[in-house]
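Both of the next two complexes hold chain A, though its partner changes from chain B to chain C.
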Partner chain A sequence: MSESRPKRGASQWAVAWRRFRRNKSGLLGGAIVIFFVFVALVGPFVVAYPARSYLSLYEGDAGTPPSFKHPFGVEDSGIDVFSETVNAAHNDLYVGLAATLITTLIGVLVGACAGYFKGVVSDVLLGVIQMFFVIPVLLLILLFARVFSVLVFKGLGLTLIVLILAFFGWSGIAFIVRGETFRLKEMEFVQAARSLGAGSYRLLFRHIVPNILSPVIVIATLNIAGFILTEVVVSFLGFGDPNTSTWGLLLNEGFGYVRTSWWVSLFPGLAVVFCVLGFNLMGDGLSDALNPRLRE
Partner chain B sequence: MASLIRYIIRRLLFMIPVFLGVAILTFAVGNAAGNPIDLIRAGLRNPNPAVLRALTAYYHLDRPVWERFLYWLWDLMHGNLGVSLSGRPVISQIGPWTFTTLELQILALILAVVIGVPVGVFSSKHQYSKTDYAITTTAIFGYSMPVFWFGIMLIVIFSLWLGWLPSSGAVSVNRPWWGISFLDPIAHLILPTLVLTYVELATFVRLVRANMLEVMRQDYILAARASGLSERTVTYRYALRNAISPVVTIIGLGFGAALAGAPATETTFSWPGLGLAFTQAALTLDIPLVEGITIVITVMVLIANLITDLVYAVIDPRVTVQ
Partner chain C sequence: MPEKLLEVSNLRTYFFTEAGVVKALDGMSLEVNKGQAVGLVGESGSGKSVTAQSVLRIVPRPGRIVHGSIKFEGEDLLSKSDDDMRKLRGPKMAIVFQDPTTSLNPVFTVEKQLTDILMLHRDLTKEAASKRALSLLEHVGIQEPEKRLKAYPHELSGGMKQRIAIARALSCEPVLLFADEPTTNLDVTIQAQVLELLKQLQKELNMTMVMITHDMGIIADMTERVTVLYAGKVMEVADTPTLFHSPKHPYTEALLKAVPSVKQTRALEVIPGNIPNLIEPPSGCVFNPRCKYAKDICTKQEPPLEKVEEGHYVACHFWRELTLEGRAG
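Moving on, here comes the complex of A and B:
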C-alpha cells in the first residue's frame, strides 16, 4: 500500500515535554538533578579521598577550615568534607531512588486495587492507606532503624534504611492512585474494554494504570526528595549506618563540633538543600507540564 | 447536625484500628529489641536471682508474646506506661516533656497559619510579580531544607558568632547577661520557633497560593466579579473560603508530621521535650520510655487530626454527607 499513514497528533509525552521545556524552574530542577546524578556516578572515582577515610589526619589536617586543598574543610577526625560530601551523594541518591521505586510499585498496586474493587477489600485497603497518613511515621522509622540495625539485621546497612522508608512511605502514591482509579473505572474507554471481555487484571494494568502515570510520575519525583530528607534526619540523629557515608552522617559528626568547625555542618547541608530542591523543582515542573487542566 | 454527629462518630471509630496498629507496631519492635532483663543485667556483676525472678514476673517474660502484648495494652488503657530503665514511671516523666513540646509546636503552628495564609493569598493575587517570585523561592527553599540543618545554621550565626540568642535548652542554667527572668524563656524560644515556623510556613504558602490560583479561575468568581462585588469580598469571602479547606487538612497532617519530626528539631536545640527524650531513649534502647513517648505522640496526632476533621466539616459541610 502506497498511501502514507494519516499524520498522528503529538503524543501526550511530546506535549508534556514541550510544556516542560518552557518551564524555567522545572528545567533548573532537572539540571540540578542531572548534576547530582553525575556527581553520584562519577564523583567517587575522582575525589582525593575514599569514603570514610581519615587520611587527612596523617597529612596533619584535622579541623582545618576550607582551603584550596580542602575546599569544604576537614573534620576534627581528619575526614575531608568535600570528598565525603561527594561520596555521600552516591548513597543518598541510592536511598532516594530505591525507596521511591519500591513505594511506587507498592503504591500503584495497592491504590489500583483499592480503587477498582468494591466492598471489604477496598474498605480495608483504604483504611490501611489512611492509617499510614496519621501515624507519626518518622518516629516509627527511627525506632525501626535503631532496633533492626543494631540488633536484628546487622550488616544490611543502607538497604535496611531503604526498606524501612519504603514500608512507611507508600501511602501517598496509593491514595492518589486509588482516587484516580476510582474516577477512571466508570469512564467510557474502560467500559468499552470491559464489554469486549477484558478481565480485571487487563483492565487495571493495560487500561487504567497507564492513564494515571502522570500523577504517579509527579509524586514519585517529589517522593525522592522526601526520602532523601528523611534519610538525612535518620542519619543525623545517629540511627543510620555508621559505616556508610551519607550527608546525614556528616551532619551528625559536624553537630558534635559545630562550635569549632562550622564548615562540617554547612557544606553537606547545602548539598542536601540543593539536591532536594532539584527534585522538588523538577516535580513541580512535571506537575505543571502533565496537568491536562492547565493545557492551553 | 445529625450528619455531623454521625461523621464525628465515624472518625472516632476510625481511630481505634489506627491506635491499635501503632500500639502493635511499637510493641513488636520494642519486643524485637530483646529481653529487658538482659539490658538491666548487663550493668550488674552478681544479679540477685530473687530480683531477676521478680523482674521476670513483672515483665511477664514467662508468658507468650501475644499475652505480654495484652498485659501491656491493659496497663496502657489504665494510664500505666510502665517503668523506664532509669527506674522512674514513664508517665510521670512524660508530663513535663509533653508540655514543652506542645508549647513550641503550637506556637510555631499558629505563627505559620497566621502568616502563611495572607502571604499565600497575596502571592496568588500578584502572580508572576517580583514579590511573588521572592515568596515562592523562599517557600520552596523552606520546603527543601532539613529543619534541623536550618536550626544549626541559625545557631552558628546568632548564638556562636553574634552571641545574641541562646543555642540550647528552654531556660538558662546560668543567669544570662540580660538578667530579667521572664525574658529568658522567650529568648530560648526564638530560634526553635523561627525554624519550625519557616518550614511549616513554606508548605502553607505554597498550598494557599496554588489553591487560590485554581479557585480564582472558576466561573463563580467571574460571576461574583460581574455582580459588582469588591475585589476584597471576592478574594476573601468567595475564593479563600473554597481555597482554604484543603489547607485545613494539611495543617492537621503537618502538625502530626512536625510532632513526629520533634526528635530532630528538639535535639538540635536541646529542647527538653518529647522529641529529645525519644532520641535519647531510643539510642540507649530504653524501650518502655520509647514506647510511652510513641503512644503519647500518636494520641496527640490523632487528636489533632480529629480537630482538623471537625474544622473541615464546619468549613465544608459536604464532607459530612456520605
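Moving on, here comes the complex of A and C:
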C-alpha cells in the first residue's frame, strides 16, 4: 500500500495557515495586529513621556500642533499626544485581549454543556445564554462604571471594564458553540469514542471541542475589535478611568477642541480605526482560512 | 464444554421518535460462545447495528432497551451503572464501525486515536502508550508504522483507516469484538485484505467476534455460526454450513439466492418489496408480505422459534413442509 508521504503538516492548523497565507487582506490585518501588539508591549518603555504626564506644560509646549519634538502635538493640558496614544495602545489591547480570553473560555464551557447535555440542563443553559445575549452590554457598563466609580478611581477602572465585558459578553460564542456541539455529538467518531469507554466530559472536551475551535477563533478575533471599541465608547463618554491612558479618554479630552486642537482627536482616532481594522481583516482572513466549505 | 460469553435474551430496543415508536429490536436473542466467530446477517434496518449498540449500552437517544436480558461473562449488563459499563467498553468489548472516515476523530493523529483509548483504560505514560500504539499498527499490517503515527485520517486511504479503526478497537484487548459491516465502505480488493486481517487477528487473540453484515459471502467466509435477523426478530439460527446447505426459513433461502456466483446461469433472484415499517410492523410473521410461501396463518400468528435439530432453530410456520434450496460448497 503506497501513499505519497506528506512533506507538509496536515493538521487543521497547518492547512488553515497555508490558506491564510494566500489571503492578502488577512495578512495585512495580521501585520497591523502584530504592529499594534509590538507598540503595546514595547512602546510604553520607549516613549518620551510617561502616561498621563503633564510635563510638556512645564516645558512650555502646551497646546502646540504636531512638531518634530511632539509628533502628534500636545494637548492644552500639557499631555503629549504621541506618548499618550502609545501608552493607551497598551491599555486598550489589554482590555480587548483579556475580555476576549475570558469570554471565550466561559462561552465555550457554557455552550458545550448546553449543546451536549439533554433535558433540564440544556434548557436552563440555553435560557441563560439567551438572556445574556439580549442584554445591552454597553449600557450596563456605563451603569456599573457609575455605580462602582469608587473602584474606578482606585485605579481599577480597566479591570472593571474587563470584568463587565467578560461577564456579559460571552453569549455570542456560547450560541455558536452550542450549535456546533449539537451537530458534532451525533457524529460517529463520538459514538466510537463512547463505545471504547469515554465518558461525557472526555467526549465533550477532548473529542468535540477540538473540532469546533475554528468558528470560535474567528469570533474571538472579531470580539477583540469589538471590545476595544466598547472601551473607546465608554471612556469617550466619560465613564472610564480618568487616570488610565486610553484612546477613548484622549478622544474625550479632545472633543471640545476638535476645531482648534484637532491633533488630539485625529491621531488617537486613527489609532482606533487601524487597530480595529486590523483585527477585523485578520478575523475575516481567519474565517476564510478555517472555513472548510471553501475549496482550495 | 464451550463457555457462553454473551447471552442476549428476548431483547427489545425501541426508538421513541416523534413519528412513533420504532421497534428496532423486537424480541431478539443471540448466544455466543467464547472464541467463536458468529455472524449476524440481515438487510439494512434489520437491527444488526442496534444489537451491538444494545450490548455495549450505547444506544443513541431516542432509543432505549425496554425489555430482555443481556448477560456477558455471566454478568447481567442491563443492571450495571454507566460507570461500570464504561470500564467494560474497550477492555472487554468493542465495536469496529462501518465507515472509518467518520468513525475516526478528524483532528486526532493516528497516534492519538490509539493513545487516547490506551491512556484512558491503562495506566500508561505517554511514551509507553506511543510504543504500544506503534506495535498495534504493526499488528494490523500497516507498513512503516512510524511514518504513519503523526498522520491525520484525511491523509490516509480507506483501507488504511479501517486498519487503524481495528487497531483502536483492539487496543485494550477486548474479549468480544463486534465488527459492524467493516468492509462495506471499502473497495472490493481492500475488503478481502481487511477480512483476512480480522480472521487472522481473531485466531491470534482467541477473540470472540460477532460479524455483522448483509453479505452472505462474508458469512460463509468468516463465521462458524450465524443468526438471521429481519425487522428486529430472529428468523433462523444455525451453524454456518448447515444454514447454507439446508436453510429452513424462506428469508434465508431468499438471501442465499440473492448472492451472485460465477458459475450460475440463471437470473439473480431479488426479494420483492422493502423492509417493513418498524413503527407498525406486519401482524403475524413479520416477513409474510415478502414471503413467496406465505399462507393465511402467516398474517395472523407470529411463528415461535422452533428447534429443527440440535443447534438449528427457525421461526416459520411451515419449516417442516417446505423444501428450500440451499447452496452447495
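We take it that the second predicted complex is superposed on the first by the 279 of 296 C-alpha atoms of A that agree within 3 Å, B and C clash if a C-alpha of one lies under 4 Å from a C-alpha of the other, contacts with A are read in each partner's own complex, and residues count from 1 in each chain.
As a working rule, a contact is a pair of C-beta atoms (placed from the backbone, for glycine too) under 8 Å apart; a residue touches a chain by one contact, two chains touch by 3 or more.
Since the structure is predicted, the reported quantities are computational estimates derived from the model, not experimental observations.
Trainee: Evaluate whether chain B and chain C can sit on chain A together after superposition, giving fit or clash.
Mentor: The answer is fit.
Trainee: Considering only C-alpha centres, what angle arises at chain A between the directions to chain B and chain C, nearest 10 degrees?
Mentor: 100
Trainee: Of the partners chain B and chain C, which touch A:Ala193 in the superposed model: first, second, both, neither?
Mentor: Second partner only.
Trainee: Touching A:Val276 in the superposition: chain B (first), chain C (second), both, neither?
Mentor: In the superposition, A:Val276 contacts chain B only.
Trainee: Given the touch rule stated above, what does A:Arg202 touch, chain B (first), chain C (second), both, or neither?
Mentor: Touch partner of A:Arg202: chain C, not chain B.
Trainee: So, A:Phe133: does it touch chain B (first), chain C (second), both, or neither?
Mentor: first
Trainee: I'd like to know which partner A:Leu142 touches here: chain B for first, chain C for second, both or neither.
Mentor: Only chain B is touched by A:Leu142; chain C is not.
Trainee: In the superposed arrangement, does chain B or chain C reach more residues of chain A?
Mentor: B
Trainee: Given the touch rule stated above, what does A:Asn252 touch, chain B (first), chain C (second), both, or neither?
Mentor: neither
Trainee: State whether A:Ser11 touches chain B only (first), chain C only (second), both chains, or neither.
Mentor: So A:Ser11 only meets chain C here.
Trainee: Please provide the least distance in Å between a C-alpha atom of chain B and a C-alpha atom of chain C in the combined superposition.
Mentor: 12
Trainee: Taking the two structures together, which residues of chain A meet both chain B and chain C?
Mentor: Of chain A, no residue contacts chain B in one complex and chain C in the other.
Trainee: Tell me, which parts of chain C touch chain A in their complex?
Mentor: 56, 58, 60-61, 82-83, 86-91, 94-95, 97, 99, 102-107, 109, 116-117, 120-121, 143, 147, 151-152, 154-157, 159-160, 165, 168-169, 172
Trainee: Which positions of chain B touch chain A when the two form their complex?
Mentor: By the definition above, chain B touches chain A via 14, 17-18, 21-22, 25-26, 29-30, 32-34, 140-141, 143-146, 148-149, 152-153, 155-156, 160, 253, 256-257, 259-261, 263-264, 267-268, 278-279, 282-283, 285, 290, 293-294, 297-298, 301-302, 305.
Trainee: In the complex formed with chain B, which residues of chain A make contact?
Mentor: Touching chain B: residues 127, 130-131, 133-140, 142-144, 146-148, 150-152, 225, 229, 232-233, 236-239, 251, 254-255, 258-259, 262, 265-266, 269, 272-273, 276-277, 280-281, 284 of chain A.
Trainee: Once bound in the complex, which stretches of chain A touch chain C?
Mentor: Where chain A meets chain C, its residues are 1, 3, 5-6, 10-12, 118, 186-189, 191-199, 202, 206-207, 210-211.
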